[in-house]
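As structure tokens, here come the structures.
Two complexes follow with chain A in common, the first pairing it with chain B and the second with chain C.
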Partner chain A sequence: MKQTEGKIGIREYVAILLLALGTKLTDDTPSLLYGTAKNSAWISMLLIGILTVVPILFLLKVFSVHRNKNLHELNLHLFGKVFGNIVSLGMLAFGFSALVLDSATYVNIISNIYFTKTPPIAIYIIMGIVCGYGAKRGIQHIGSAAWITLSYLKVTLALALFVAFTKGNSKFLFPLWGPGTKEIVKTAASKMSIFADFYFIGIIAPVVNSFKEFKKGTFIAFSFVLVEITIAIIIYVMLFDFTSIEVISYPFHEAILYISIGFLKNVESIFLPFWLIAAFIRFSFYLYMVLVLFGGIFKIKEYEYLVPVMVVLIVFLGTSPQFATYTVPYLREQLLMILSPIFFLLPCFMWLIAKVRGDFKNEVKKDM
Partner chain B sequence: MFKLLKKLTGRKQKRINFKDTLEKQSNQKDQSVSRQIDVNIEQIKKIYQFPDNKDVKFREFRIGGTGKRVAIFFISSITDVRTIEDSAIKPLIQTTEIKAEIKEILSTQNVTSLSEIKEVVTNINTGNAVIFADNATKAYAFECANFQGRSVERAENEVLIKGSKEALTEKVIVNLSLIRKRIKNESLIAESITISERSQNEVFMLYIRNVADDQLVGNIKNRLETLNVDAIQNLSLLEQYIEERSFSFFPSILYSERPDRAASFLEDGHVVLLMDNSPDALILPATFWSFFHTPEEHYLRFFFGNFVRLIRASSMFITIFISAIYIAVTSYHSEMIPPDLLLAIAGSREKVPFPVFFEILLMEAAFEFIREAGLRVPNPMGPTIGIVGALILGQAAVEANIISPIVIIVVALSGLTSFTMSDISLNYALRIIRFLFILSAGLFGIVGMTSLFAVGIFYLVSLKSFGVPYLAPMTPNFVSSGDTIFRRVLKNEKFRPGYLKPTDMKKKSNGAIK
Partner chain C sequence: MKLKRICKVCLLVLLLLNVTGCWDQKGLDRQVFVIGIGLDKAKENGKINVTYLIANPEVGTSQTGGATDEPALMTVTMRASDFISMRNNANSVVAREISYDLLNVIFVSEELAQEEDFMRFLYTSEKDREIKRDVILAVTKEKVQDFFAKNKPLFLKRPHKYYENMIQRGVEIGIIPKSELHHFFRVTEEDANLFLSIYATAQMPTKENKYRVNENDELAGELKVEGQTNTGQFLGSAVFLEGKMIGTMTGVETRIAMLLHDAIPVRDVLTVFPDPFHENYQLTVRLIQQKKTTVELDLKAKPPRIHVTLPLTIDVLTDPSMENPVENKKKIEEIRRAFEKLMEREAMSLVRSTQEEFKAEPFGWSLHARKEFRTLKEYMDFDWMKTYPDMKVEIDVELRFGKFGRQPKTPSYEGIRD
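== the complex of A and B ==
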């Protein structure tokens, strides 16, 4: 009822996060964990989840006293003009490369599994146009689109996973500790930036109706996504066993290629449109965040005019690596490795500075 | 591109030389009523070009008692001549009173005195009769308008099985009466606004004062008052003048011929526009759901109503997607069809020389031709078109190996399901969108369709009708009765839609369920 202009409600916020993060279980994110943690990848995933709570808590704490600032403004406030800009620029660089690599992954999935005869650049261009259009419409409309499609996307995903589950063999999950606890922990520590998106959502923090909704929404989305991805990882292992899953790049798509429902023997094309819509919303959202960050750093108020340039840049960079199937995952893994410690430490650092600056002193008054 | 088009059309207009006859016309009327009756008579005769203008009537006579000269003017085609004779001319001639004023002698329901020629002309134009008297600076007008029109008939475009059968007519007074019959409340306001300068078309703006948001009412009123055109004949044209996005596929103003529908929207806090010459009402603001709904779903019981909604939702899906899906699946994703069916399709297409895309496009186009022809053809020939279209075209095309039988099924299904959408604007929107999906499926299969769908969703959620988001209350969320794809039990529909910001949110108190 208290719909304020230009803001999004908790439903839209959660919907965006669920789609943006939930699609991770359908790309090569699970296979990054299988490489080292083998059949115990799901334990690593849970560990990552537990570890991720720390930076999220710190970040929320900092945001609780700076409710009208987005991530970039917060950086400027905490680190000063020069360092703040440098930190934001770093974030922009990471965010942009993540966007390029992720979108390259998705285009790779489409062109390798579904449209083998279509040149990848054509698919990339279509994706660029759709996501550019979405990003130009703004966060409210991305949120609304996410909310409208959310239930259909999650229901079909659940159906696919359920059918895969019935075809799976639970014995593949054992031995429970797989390669040993050390490996599991190591994997978790090096790949924890899977959830680094939670740092970037600080960019849209002031757009959410109220801080309370932001906080609640973040936790709802986080727990849902964590459970979702963990279950998916378990199901993939049950379906393929750990020896073969290590060599599978995109387990979700292998799974829907493998399963059949009733008289329909090949169901992957049924799931394809739903997955694609989730992907479109995800990249619209990422593109929007990158644009806001870019606009904030370089003081460009009407950043929607940057959309075409940014899209062209992304398509150009995304199609440039040859043998995308091998290069892109490698680059992604490197990126995650670098990002992991940063993602863990930066929010703690931000909190520390805020503490030293005495930002939390007024907190009690604000909450009342 | 549209901006460029606008610029071009704008530039072209500037080159045209204007000759403002309207201003000359209004200058002519800019006088006050003269004391000498002959001057007035000459003036009015000149304005109406009497006696060239055949239905403008003029009668001069003397009052019975005083012997004072009077003249009466009216347009016979839009007045009730009997009333003029019985309640004006007769009493005036037969009176024997010497001191009585003209106002007192007339036995009509109301008499107004006018002092400007402009007012006199307006009154004559709207069907009133005007009396001039010698030695008086005032003219007298009384109501005797009688415009010809249909009587109340059955609704023909929005047909219901259960519920009222009345439809709005071309006479705005009848329409008002039909709506007032349903809302017997003094706070139902019918304001009249003149929207055009030359034809002086009048729009009635209806709203319930202590329900509708004042800002919304003000906004709509402002938009109507700032129109600057010579003539707007009816609501279908007015709709295009006041809508926000002229190039949008999706309508933003609801157009209905049912008074019960208009009344129920009024009760929710919407604004309704009525106009002479329009057998319909414009309801604004409108959301996507209001185009998707029909009143019948609320007249039917809970499950039946929602069953109809389910049917309509799936029809909408089928009408947009089925042709596109057929193209995408057969040309890009043939592995998903069960082998037996695939063989059947391949067998039926064996002799067809065209690609599926072309085949579907051909048949869809044929269907649109039949539909348009069926609509325009004079009534007695109607059935012939149907027979020629369905039997000859379909059957013969299959036998001539131009079209495979499955395509006929697909296209017939997509055409048939499009008729479940009772709103004509949405119907057209879906028909055009279907072709876009066919094109995208032909180009990129399911990826193309999904891309177009995603763009469509982004577009749909960004639309607004008079400040109301198009998909509200689904997203963004508002307090409302939750009447979107499905409806709730009637007793639980407690709230007016929050996106209208109604002054009174609650439709029913909790006590209503006792």
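== the complex of A and C ==
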């Protein structure tokens, strides 16, 4: 079965992004912000959103003149063969570590909160198999799975957040500026790479039907996810207050454990399966991107054969850290910290090079 | 092609095995459900006596027609280090796996709640996956062990229903606070306010009932109840500061605190006030909180000032002096003035007692204060808990009249006696 270069439409593209990025609000991403920005984490989040627009714009600008290239090919084109490969390799390293750490976080959540007696490695292996299968099927299948499940996942998520909202108290959001504007900006700057996925989506840029759809889809998904995560962060604070929220590792799960809908108690069992599906799609997508990048760099055409190796590697690395509860969030925070300036500067740099090389002029001429 | 299909089917069937949850597989018939946990002081340091209230799932279900010979509940008391290790300890006498999934309420004896160390034991509940943050925290006057032993609810044989309904109703009428662990943790961690917890007992008073205007103006265990009924009383609240019990509030005080707090809705309050027309009698009124309490703060003043407006609609439901206030505008004005004054006095005396006795407030006013500050640092520097005892508090009660009972008019007393 050779991977066919099928295309996905804007629908699937947006669905994938919404699931892959939207699930961030259910893991420990909000906690990373609460640590320093406390009750004003949502302002940090909005700032991150505003800052993220810059690299996205540059990236889209560059892609607008290289419509048939994916991120790796673009790197090669812009930076030359040697540097391009180095940049791509660096991106691969970051993407791969993010995949390992994120999946480790999810396994952590499942094994700490839901399946306490199951060994984490068993959960990891099952997740690896499911996501590996998803990634092997390719972007089209991931896209349609995402599109089919999207509405269910978002409706249940909205329901959980709404119920949490009714239990919350809006006064917990005050004092409005929390730990002070300086801290808020600092948090935003250091955690900017929460949206670094928008750099990696360049990998699937040529798979989307047309560049116009790619551009539009990116913006739709970006604004939706930004609003979604910001609202979630506000709701968690309203529910737990700034003192407790710092201690809570996974606010979303703590919230669905706490809330009850009318006479229904223990509602987390309603939300858990939906959340799991979202997580599977998310990691299938990440795995797919890592594989494509890997295949691109090492010139491996049939990269689906890499899936088993990659899954084993991820499971092996993900389960290796001792005291996963503490080391994984720590490493994740470090990664975000390193990635933040890179994510911000690299697209600008790419644009600059493209400008110097005169790629844009060609485009204009072609259009005329 | 055929082989491939068979392989696929086999794979699917294999996947089904995952559904059981492997290691976390739990059979309903292999678990017992703890409805309530009781925590008592143990003689040894670092230990507590844990009591389980275990419900019999077969009692009162429609499957067995509600008829089994076995008792509806059992209690197990053991010494333990915490209530997580207790799960296994108790298995020496309980045959099945112990589940906290249906845990409803955690009772703590007053003796333990007053200990500095109490918090250490309670925070265990944040660690356990099955203990939800919506579990209710309640304080008992006696040892919880004795409370469980004595309290044999009638009619509501299924114990989880009894505790659930008892607490729900008590909160609705405002004689006990809604004390979820969630709020306990929040208030304790915020470290600025008092937390009110349900106060309960199964001890009946031995001494004579003393006179009180409102029969609810008392703590559980002081209110004399006769007849063949439940022995457990849920009335009033235990006051916690920084995770330690420091005092109590009566039912009426609890209700006032809940009315003054703008985030706690009290739905169905019947209370009595002295009849302004006849000193021997009281009027029963229903208080309805239609608008939210408004709190205005002036924190720059020295001492800082708080102005609270409590808008209430009241239904006057009795008229023992047979004065027929409905017909007379003047009389209504008189009632209003008398009640407003009285309620303001009662509320103020509660505020004063929190300022002097507890040195912190349970009314959630610090939340309003947060809006007055720009950053958390400014708010922390203000130190609400320290400044509160010196604050100047004013309470305005604004009454509006609603209904006057089903039949607003009564015949005049003199007319009948004539």
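General observations
FYI, the second predicted complex is superposed on the first by the 359 of 368 C-alpha atoms of A that agree within 3 Å, B and C clash if a C-alpha of one lies under 4 Å from a C-alpha of the other, contacts with A are read in each partner's own complex, and residues count from 1 in each chain.
Definition applied: contacts are C-beta pairs under 8 Å (C-beta built on N, C-alpha and C of every residue); 3 or more make two chains touch, one makes a residue touch a chain.
Since the model is a prediction, treat every value here as computed from it, not as a measurement.
Of the two partner chains, chain C is the only one that A:171 touches; chain B does not reach it. Within the superposed three-chain model, A:258 lies in touch with chain C and out of touch with chain B [touch as defined at top]. Once the two complexes are overlaid on the shared chain, A:126 sits against chain B and chain C alike.
More residues of chain A are touched by B (comparison of chain B with chain C). Look at A:9: by the touch rule set out above, it reaches chain B but stays clear of chain C.
Of the two partner chains, neither chain B nor chain C is touched by A:304.
Contact with both chain B and chain C is seen for A:266 once the two complexes are overlaid on the shared chain. Legend: residue contacts after superposition of the two complexes on their common chain; A:118 is shown touching both chain B and chain C. Overlap of the chain B and chain C contact sets on chain A: residues 114-115, 118, 122, 126, 265-266.
Those residues of chain B lying in contact with chain A across their complex are 329, 332-333, 335-336, 338-339, 444-451, 453-455, 457-459, 461-462, 469, 471, 474-479, 498-499.
Within the complex formed with chain C, the chain A residues making contact are 38-39, 112-119, 122, 126, 169, 171-172, 174-180, 240-244, 247, 254, 257-260, 265-266. Those residues of chain C that touch chain A in the shared complex are 18, 21-24, 101, 129, 132-134, 182, 185-186, 189-191, 263, 367-368, 370-371, 373-379.
Looking at the complex, you find that chain A touches chain B at residues 1, 3, 8-9, 11-12, 110, 114-115, 118, 122-123, 126-127, 129-130, 133-134, 137-138, 140-145, 147-149, 263-270, 272-273, 276-277, 280-281, 284.
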